[in-house]
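As written, the chain order gives the labels A, B, C and D, with residue 1 at the start of each chain.
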Amino acid sequence: MPRMTAEELEQFLYSHFPDTAHRAFKVERVDEMFAQVRMRYDRRHLRPGGTISGPSLMMLSDTAMYMALLGMIGPVALAVTTNLNINFLRKPEQADVIAECKLLKLGKRLAVGEVTMYSEGDHAPVAHATVTYSIPPERPH
Amino acid sequence: MPRMTAEELEQFLYSHFPDTAHRAFKVERVDEMFAQVRMRYDRRHLRPGGTISGPSLMMLSDTAMYMALLGMIGPVALAVTTNLNINFLRKPEQADVIAECKLLKLGKRLAVGEVTMYSEGDHAPVAHATVTYSIPPERPH
Amino acid sequence: MPRMTAEELEQFLYSHFPDTAHRAFKVERVDEMFAQVRMRYDRRHLRPGGTISGPSLMMLSDTAMYMALLGMIGPVALAVTTNLNINFLRKPEQADVIAECKLLKLGKRLAVGEVTMYSEGDHAPVAHATVTYSIPPERPH
Amino acid sequence: MPRMTAEELEQFLYSHFPDTAHRAFKVERVDEMFAQVRMRYDRRHLRPGGTISGPSLMMLSDTAMYMALLGMIGPVALAVTTNLNINFLRKPEQADVIAECKLLKLGKRLAVGEVTMYSEGDHAPVAHATVTYSIPPERPH
């Protein structure tokens, strides 16, 4: 059972990350070893050719993993990404992107998740990432 | 011999990418199969704990690779990242980050580079990435 | 619809790869954008601590991707791996390992798949890989 | 200063890994945060088209990292790979392959290295990997 609701996670995200880019993210669902995050379509995320930029999708995948992890372990701001591997699969539509993160492992020191990203209303994934977080030794309760 | 100078590459970057985050990047050096890009220290790139955010470093590594590639093949805006793998190695200093990208392969269809990132004035790398770009069939001359 | 059956794929594998390690692999199922491959438990795949070695799991993930790809495009021996990223998640049991590969993208030049590996009879994955293959320009029919 | 010589590392490798494929490996040099390992050319490592197989190069990169790590921390058989990312860059020659591993980080819990692989006598790399090892809490002295 997750320890935090989607609303609590989104509030945590906004209060801890001053980067306004995060305002484009909406935590839509959190479940056992799972989180779904939406990135609202925004012209600032575009790159030449009118497509959503790679860095936006990287940030989205990292955030979806962070939300899935914090959902399970609670608000540990200092959990940090140690590895992120992303494959860009096809040109995203000019639409919101939905990221679904499934935790593959939740250990004491490391958590690994995979994130599949879709343009809203489309079934073919636009990108896929695997993300590893290192969890600091002490956890709050 | 590179086909574009550091100044030309930086101008290309600014004119093709509306995302103002790129304004933090300075193309410092371009050479045979090599580019060096500086990310100026900026509070907006911070994350909890005062460290430079992962997404900023991902964007930096992707940009350094793009600059190394365009330096060799000329201004091909539609070259796109297909894979990026990044390891975060240590907490960056509150300082500029320097990315050095070395092209490992420059094929007709794919280019692969590795990027090592340092806090200015420090020898231990803060992050390391490998990045693959797909090159569109026709190239401008 | 796949172009090759599980039996045809396994025969192709055995006839094209002299490395006897492949004899440990059994192609169990092939479907639209999907293949399932079993690695039979074999003492030669062990490493200190009695666990199945990392290289065996890497080879398994690469083979599962190759089978999923050839299932869709037919017997193209010269398709080659360009990138493989694997996360080792937990110590495998002393049992067969089942790899399930789902193709995320099947383009003209590149195919990307993700592979989840389980010890037989266990639900928690032991490893997860993403694999990219480059497809040579001409394909046999 | 490394804690083990190249000879000690090779002996450790052979005695702990029953897989005879390791017999193809020769630890050539070990230095501060560095190891060089040679994979002798062997027909068993070939794949269709006469090239050295991907799994052989994966195993080589993993082994080079293991040697660089044990060189620094001593004979800790239970250090395990947690992530390996490899890019295959060009068709290797029918020759020995030399792997050079540079440790990028040597932490208490995680070590990260990058491995560049060359066909003997050739300057262009055939493959490049980044490898992460998890180090068990207690270390022998």
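To be clear about the criterion, a residue touches a chain if its C-beta (ideal position, glycine included) is under 8 Å from a C-beta of that chain, and two chains touch if they have at least 3 such contacts.
Predicted, not measured: the structure shown is a model, and the values here were computed from it.
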{"item": "Remotest chain, chain C as reference, centres from CA atoms", "value": "B"}
{"item": "Pair with more cross-chain C-beta pairs in contact, given A-D and A-C", "value": "A-C"}
{"item": "Chain A-chain B separation of Cα centroids, rounded to whole Å", "value": "23"}
{"item": "Centroid spacing, where centroids are CA-atom means, of chain A and chain D in whole angstrom", "value": "33"}
{"item": "Chain A and chain C, separation of their C-alpha mean positions in angstrom", "value": "28"}
{"item": "Where chain B touches two or more other chains at once, by residue number", "value": "82-83, 85, 87, 132"}
{"item": "Partner chain A, residues of chain B touching it in the complex", "value": "16-21, 43-49, 53-55, 58-59, 62, 77-78, 80-88"}
{"item": "Residues of chain D that touch chain A when the two form their complex", "value": "82-83, 85, 109-110, 132, 134"}
{"item": "Interface residues, chain B side, partner chain D - complex", "value": "85, 87, 89-90, 104-105, 112, 114, 116, 124-125, 128, 130, 132"}
